[in-house]
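Both complexes below contain subunit A, partnered by subunit B and then by subunit C.
Let's look at the complex of A and B:
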C-alpha cells in the first residue's frame, strides 16, 4: 500500500530546512514584538490616561496653586443642578430599562413573525444620532409643533424637565432592550422547562425563574444606560428650556464662557458615579451566570406566555415602535416642508440648498473621519486584545484598565480632556483632523478590544501553540492564525467605531475648528438655531449613510456566521455591548 | 537514548505538577504516559513540546539539551487533544503550514502535502474547509500536519478522546500503523489504560506528578509495581488473606466453584458480557469481581453461596 513512502526520499530536504533555522533569530523576534507592545501601551497612556488626569488637575485649579475652590463653588451655588442631574438620570434610566425589559421579553417570547420588524426598528434607532429624538419632539410638540399647534391648536410650552425625561426614556429604551435581549438569548432553556415541568405557569416562570436569573444582566443594562443619560447634554439643551443638568452646564461653560476649571469640576462630578457604576458592572459581569447556553436548546419549543401577558407586552412594545416610526417620518418630512410649523407645503429648497452651498463638506468630512477612525481603531483593538488577553506581558492588567477607561467616561469629559491636553505645547493639535480622529478612535478602543477578546476566548490556545510548534514565530502567529479568526470581531469593531463617529457629538464638539465642522455638529447647531429644514436634511443624510454601512457589514457578518457556527450568539452580544457605548 | 527526560520537575507555586521524572525513549519507540486527570501527564508532554518551561531538569534529544528551545525551533510535533486545526485554512493549507514556515516553496510543499494526505487517506478532502470534516478526519489532518515536517519526536495529547468508541479503536490501529511506518519516536498521553496497553511499546504510569511504574504493557499488567498501578491498569480485586498478606488478583484469574475454596461469598449481581459473565460476590471484605468464561453446564443463580479459587501464581503481593 505504501511502496515508496515519501518520507524516505524527501527527508533530507525538509530536515535541511529545519536545520537552517538559526536560534539567533529569537531575541530579535521578541524585541520587535515587545516594541509593538510598548508603542500600544504608550499610545494608551498619551491619548487616554494623560488627558483624563489633566481634567482632574484642571478642576483643582485655583488662583494660587491647587484648591478645591471649584468644587466648593459647585456645591454651594449649584446644589439644585447636581440633585436635578442625578434625579433625572435615575428616573430616565429606571424607566428606559423597564420599557427595554418589556420589549426584550416580548421579542424573546412572542411567536409573532413581525417581531423581526420590531427588532429592525430597535437597531435603526441605535445607529441614529442621539438627539434626533429631541429634534422630532420639537417638530411635533414644540411651540409650532405639528401635533400641538397645527392639529390641536394648542400653544403649550413643551420645554422643561418632563420633555427631557420622556425623550431620554424613549431614546435609551432601545439600547436597554437590545442588551437585555442579549442576556435572555443566552439563557438556559432547560431552566424554564424545569419550572413548567414542576407546575409553574408561564407567568410564574417568568417572574420566579427568568427574571431573577436575568437580574445581573438587567442591572448591567441599567448601569450602562445611567452613565449615558448622565452624559447626555444634547437633549437638555434642545428641549430643557430653563431646566439644565451638569452635562449641559459643562458644555455651556466651555462653549459660552470658556471657564475650563469649572467645566472640569462639573465633568469630574459626572465621572465619579460613572466610575462607581463601572466597578459594580465589572463585579456583576464576573458573577453573571450567562456563560454558555445549553447545547441543542435552539430546537426547543418557545415557552408560550398567557394571552394577557402577551398583549400587555405587545401593546407597550408596539407603542414604542409607533413612536419611533413617527420620529423617522417626521424627520423625513421635515426635509421637504417649506417652513416647519408655518407652511407645511412641499419643497426641494432645503435639499438643493444643502447639497449646493458647500455644506456637504462637513458630511464628506464626517464620512472620511469615520472610515479612518474605524480602520485604525479596529486594527489597534485586535492587536491590543491579543496582547492583553493572550500575551499578558508586564503591566497588562494596568493597560487593560486604561484601555477600558473610555467605556465609562462621559463623552463631554473626554472632549474637555483633549481640549486641555492637545491645545498647546508640548502637543498642539488645535483644529486638526488628527485630534478629532484620535478622540473618536480612543473612545471606541474599549469596544474594539472587548470584541477581540470575546472572540479570542473562544479560540483554543492550542491553536497558537500548534502554529508555534509548526515553526511560526509570535508575530507570525498573530498575522497568520489570530487575525484571520478575529475577522468577525474586526467587523463588529469597524461598524461600531464608524457608527459612533458618524453620530457622536458629545466629545468632538469641543475639538473641531469652525472651518472644519462635522455633520453631527452642523446638525446640532441647525437644531439649536431653529433651522428645522436644514437640520432634517442633515439628519436624513447621516441616518442614510450609517444605515447603508451597517447593512453592508451586518450582511458580511451574517454570511460569515452561517459558516462559522461556533461563533454562536457572541457576535450579537458583542455588538449589543458595543452599541451601549 | 534518543529522547531523554532527566529529573524533569514542574512546580506551580505550592503544587508540584510533575515531580522528578526520568524517562528515556528509543528511536522509533512508542511510549504511552497514562494516569488519571491531574497526574501530570499532559504537563510532561507540553514540557517536551516546549509549551511549558520545566522548573528543574532537562530534555535531551540526540544528546543535545533542548530544554529551553522555543516550540517553533524544536524538532518535535504535537497533535493536540482538540486537534487545534486552523479554522480559517482548508485541509491542504493546514497540512503545509509548517512547511511554509520552513520557507519551502508552495509547489514542493503541496507535493509533500499530497503525499501525506494520501497516507492518511484524505487526499480528496485537500481543498475542503476543516470545519466540514468529521472528528476522525480532523484527527487525521492533525496527524498529517504534525508528520509532514518530519519531526524527530511526535507528541500525541489524548488524541482519541474526542472520538466515539468504535472509531477510537480503529484510529488506534491507524496511528500505530503510521507510527511504525515513519519509525518515529512517539510520546502518547492518554487517560485510557486500555488504549495504552494496546498501543504502547512501553507504558509510564503516573499519579500525583510521580512515576509509579515504567514497563512493557504485559509487565505492567501482570506485575504491577504498586497498589495504584494494580488498581489503575485493568480491573482488579484487593483481598486480605487469612495469613495476613494483602494481595491483588485479576477477575479473570478467579474461578467460582461450589466446593471449598480460599474464600466464600454470595453472588449479588451478574453482568453478561458476551464471551464471559462477570459475577459480583460479597465476601465480607467488599465486592469481588469474577469473570467466568461462558460454560453452558454451569449457571450460578443470584444469591448462591460460592467459593473462590485461584492459582498461587496469580496472586500479587502488594504489601501489608
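Let's look at the complex of A and C:
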C-alpha cells in the first residue's frame, strides 16, 4: 500500500487512482457522475462567468466598437484614485491582520476563562446589518459621538481615509483572528515545549517558534482580507467623506452617472491584483499544510506567556471586544430608545409600530431566501470541492478559478452583471425571486468551495480508497464518506451564505422588484425617512434571526461539540466576509 | 437513499439552467373595453416619496389596486431602467429628481400619458407630451440643528449667504449632485442665480466637509448633530416629530425647487392601472391625501398649501429651467468636480 504520509504526495496519487475507472463502476454510474460534474460546471459558467464576461465586454465599449479608451482615461485621470485604493487595501489588511494575530494569540495562550466569551463576540461581530451598524459607529465615535465627544470631549472628524481605515480594520480583524486561530489550534505544542526546555523565554518562543508556525495562516489571512478590502465599497461610501476608492467610485459611476463602461473598467482593474493574490494564495495552500495532525500533545500544559506580553495582548483584544459590544448595545438600545441619539428613555413604540405595520413580510422573505440560498450553496460548494479537490476531471483548475471570481468583485457589480445577463432571452428571470437567490448563492460559492476544499485537504483519502476497494461507487463514496467528514465545511458555508444573504444590500438593489422586498431594503427605507428607532428594531430582528438560525444549524450539524479546530484552517472565513456588499 | 438527494440536485440545476423563462405566452388581455375592472390587479412602483405604504394604502382603498413598491432614489431607478432596456420590472415611477425623468424620457424609457386631471396642473410643472407630470413641488430646505447653533454661537442660518459663515466650516452637509436630485437642483439653482453663480458654489464648498453619497443623509446628519446644517429635500417632519432639536429653514435668498413627477414606464404590464394611479395622484382628492403625508406645495391649482410649507410663500422661489437642467447635467457635473477639487 502507500507508505508516504498523505499530506505529502497524496494529491497526485489520489488523482491517479481515481482517474482510472474502477472496475466496479458501470458505465451508467460513471456517466451520472460526469453528468453532475457537467451540470455543476455549466451552472458556474452560466451564473458566474457569463455575467462577468458581459461586464468586461462593457468596459471595452467605445464610441466605435472595441476600445481601450476607458482604461486609458482611468490611468491618465484617476491615478490618485488607483494609488489610494491600493495603499488603503495594503494598510487596512496589514493592520487588521496584526490585530487579528494579537487576538488569536491571546485566545490561544490566555488562561483566562472568559476566552469563550471573546470567541463568541468575534463570531457575533460577523453579523453586521448594513446602515444601522455604520450609524451606530458614527453615533459613538463621530464628531458628536457619545464616546468621542460627550465622554472624551474630543471633536474627531471620522470622515476620511482614516475613518475608512479604522472601520475596515475593526471589520476584518475578527475574520483574520479566526483564520489564524485555526492554524494555531492545529500546531504541534511540543515545539514550544522544546523551545522552553532549551531555555528560551516565552517571548523568544513566541517570536521565533510560534510566529513562524502561524505564518501560513497570517499570509492567507492577509490575502483574503486584502481582496475583500479592495472590493469593499460600503465603508468608503458611508464614512469616506471626500476620500474614495475604486470600488466606491465604480458604484457611484453606476448609480449616479450610469457610466457602465467606466464602472466596468474600474472593477476590472480591481480584479487584477485580486487574481494575483488568489494565485499566490493557491500556491500557499498547496505547499504548506495546515494540518500536521497534532501528535497526542493535547494533554500537555499550555505555555504561559510573560505577564507583560499577556497584558499587552489582553488589553488590545478586550478593547476590540469592548468596541464591538458597545456597537451591539447601541443597536439594541436603539430599538427601545425614544429618539435615537437624543432621548434614550425607554419606549416600546418602535417595536409595536414595526411589528404591526405589515412590514414583517420582507423579514420572512429574507429568511426564506437566505435559507434556500444557504442550503443549495452549501451542497453545491461541497460537491464542487469534492470534484475539484479529489476527482480532478478535465478542466478542474479552470472551474476552480471561475468559482473564485465572485469573491473578488464588488457586490453591486455582480448585480448589474446579472441584470445584463438574465434580462430577456435566452434566460429571462429578472423580477423573479430566483434571480435574487441565484445572485446571493453564487456570490458565496467561493467561500463554500474553499471551505470544502480546505477540509478535504486535511482528510486522508485512505478511507475513500478503502471504500472503493470494498466496492462502493463514487457517488456513494461522496455521500457516505466525504459528506459526513465535510460537516464542518458545510456548516461554515451555511453560516456564511445565510448571514451574507440576510445582511446583503449592494448587489440585490438592482435585482429585487417591487413586491419582493428584503429585510435590508426595508431597513434602508426606515433609515431614509428618519425612523431610526424602527430601523434599529429591524436590525435587531436580523441579528437575532441570523444568530438563532446559525446556532440551531450548528447544533443540528455538529450534534454536540463545536470544536474549534474543526472550524480551523482555511475553513473559517465564516460569515460576514461579504458584509462589504 | 442518498441517490434521491443527488437526483434532486440534478433536477435543481436543470431547472436553474434551462428553466426560469418567464411565461412569455401572456394571454392576450381580454377586451380592452373591460374598463374600471382594475380592482384586484397589482401595480408595481419605483418610488421616492413620503411614507409610501400609507400613500399606496389610500390608493388601494380608493381603487382596489394593490401597489407593490420599492423605495429607490431616482438615479438608481434610472440606472435600473437603462439596464433593463425597455423591459421594466415595474409599471410606474413616482417621485424623485425630475432630471432623471428627463433623461429617461430622452432614452425612450417612458410612456406618454396625458391625464384628464393634468389640465389643472400648470404647464411649467409638467412635460408637454405627458411623459411625466408633476405631482408636487419638492423644495430644497435647510434642516438646522438648533443645539449646534447655540454651541457655535451663531443664529440659525436663514439664507445661502449665511451658510458662508466661517464658523460653519465643516458644518454643512450636502449630497453629491451626481447621486441626489435634491443636490443637483440645489447646485443648478445656485449657479444659474445671478447673485450667486459658480463663485458662490466655490465658497460654499469650503464649508462642506464631504458630499454625502446618499440622498437622505444630510437631514439625518443634522438631526443627530453630526453637522449643523443639512441641505435637504422637504421638511423632514418625521425627524422633527421624534424630538430632534431641528428646524426647517426655507432659504430667504432663493429656494431651489423642482416638480416631483409621476410617469408610466414604457412596457408596463398594467398600463391601465398605471393610468389610474396617475389620475389619482393629480385628482383633488389624491392631492389632498398626498400633502397630508408629505407636506409639499401641491402641483394642482387650487389646493391649499400644507401648514408647514406656508413659510415658502415669504421665500423666493428660484427660476429653474428643468429641461435645460436635464440637458446640461453632464457638463455641470464635470464643472462641479473641478470646484470640489477632485
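Keep this in mind: the second predicted complex is superposed on the first by the 424 of 581 C-alpha atoms of A that agree within 3 Å, B and C clash if a C-alpha of one lies under 4 Å from a C-alpha of the other, contacts with A are read in each partner's own complex, and residues count from 1 in each chain.
Please note the rule applied: a residue touches a chain if its C-beta (ideal position, glycine included) is under 8 Å from a C-beta of that chain, and two chains touch if they have at least 3 such contacts.
Everything numeric in this text was worked out from a predicted model, so none of it was measured.
When the two complexes are overlaid on their common chain A, residue A:156 makes contact with neither subunit B nor subunit C. In the superposition on chain A, no contact is made by A:558 with either subunit B or subunit C.
Contacts of A:311 after superposition: neither subunit B nor subunit C is touched. Contacts of A:276 after superposition: neither subunit B nor subunit C is touched.
Judged by the touch definition given at the top, the superposed model places A:476 against both subunit B and subunit C.
In the superposed model, A:484 lies in contact with subunit B only, and not with subunit C.
Applying the stated contact rule after C-alpha superposition, one finds that A:466 touches subunit B and leaves subunit C untouched. Of the two partner chains placed by superposition, only subunit C is touched by A:416; subunit B is not.
More residues of subunit A lie in contact with C than with the other chain of the pair subunit B and subunit C. Subunit A uses residues 476, 480 to touch subunit B in one structure and subunit C in the other.
Chain contact summary for the complex, subunit C toward subunit A: residues 2-3, 5-6, 9-10, 12-14, 16-17, 20-22, 24, 42, 44-46, 50-53, 67-72, 75-76, 78-80, 82-85, 87, 89-90, 148, 170, 176, 178-179, 209-211, 213-216, 219-220, 223-227, 236, 238-239, 242-245, 330, 333, 340, 342. Against subunit B, in their complex, subunit A makes its touches with residues 2, 5-7, 10-11, 13-15, 17-18, 20-21, 23, 26, 460, 462-463, 465-473, 476, 480-481, 484-485, 487, 563-564, 566. Of all residues in subunit A, those touching subunit C in their complex are 32, 35-36, 39-40, 42-43, 46-47, 138-139, 142-144, 157, 159-160, 237-238, 240-242, 248, 252, 254-258, 260, 338-343, 357-358, 376, 379-380, 383, 416, 419-420, 422-432, 434-435, 438, 475-476, 479-480, 509-510, 512-517, 521, 524-525, 527-533. Interface residues of subunit B facing subunit A in the complex, by the touch rule stated above, are 49-51, 69-78, 80-82, 84-88, 97-99, 101-104, 108, 112, 115-116, 119, 129, 131, 145-147, 149-150, 181-182.
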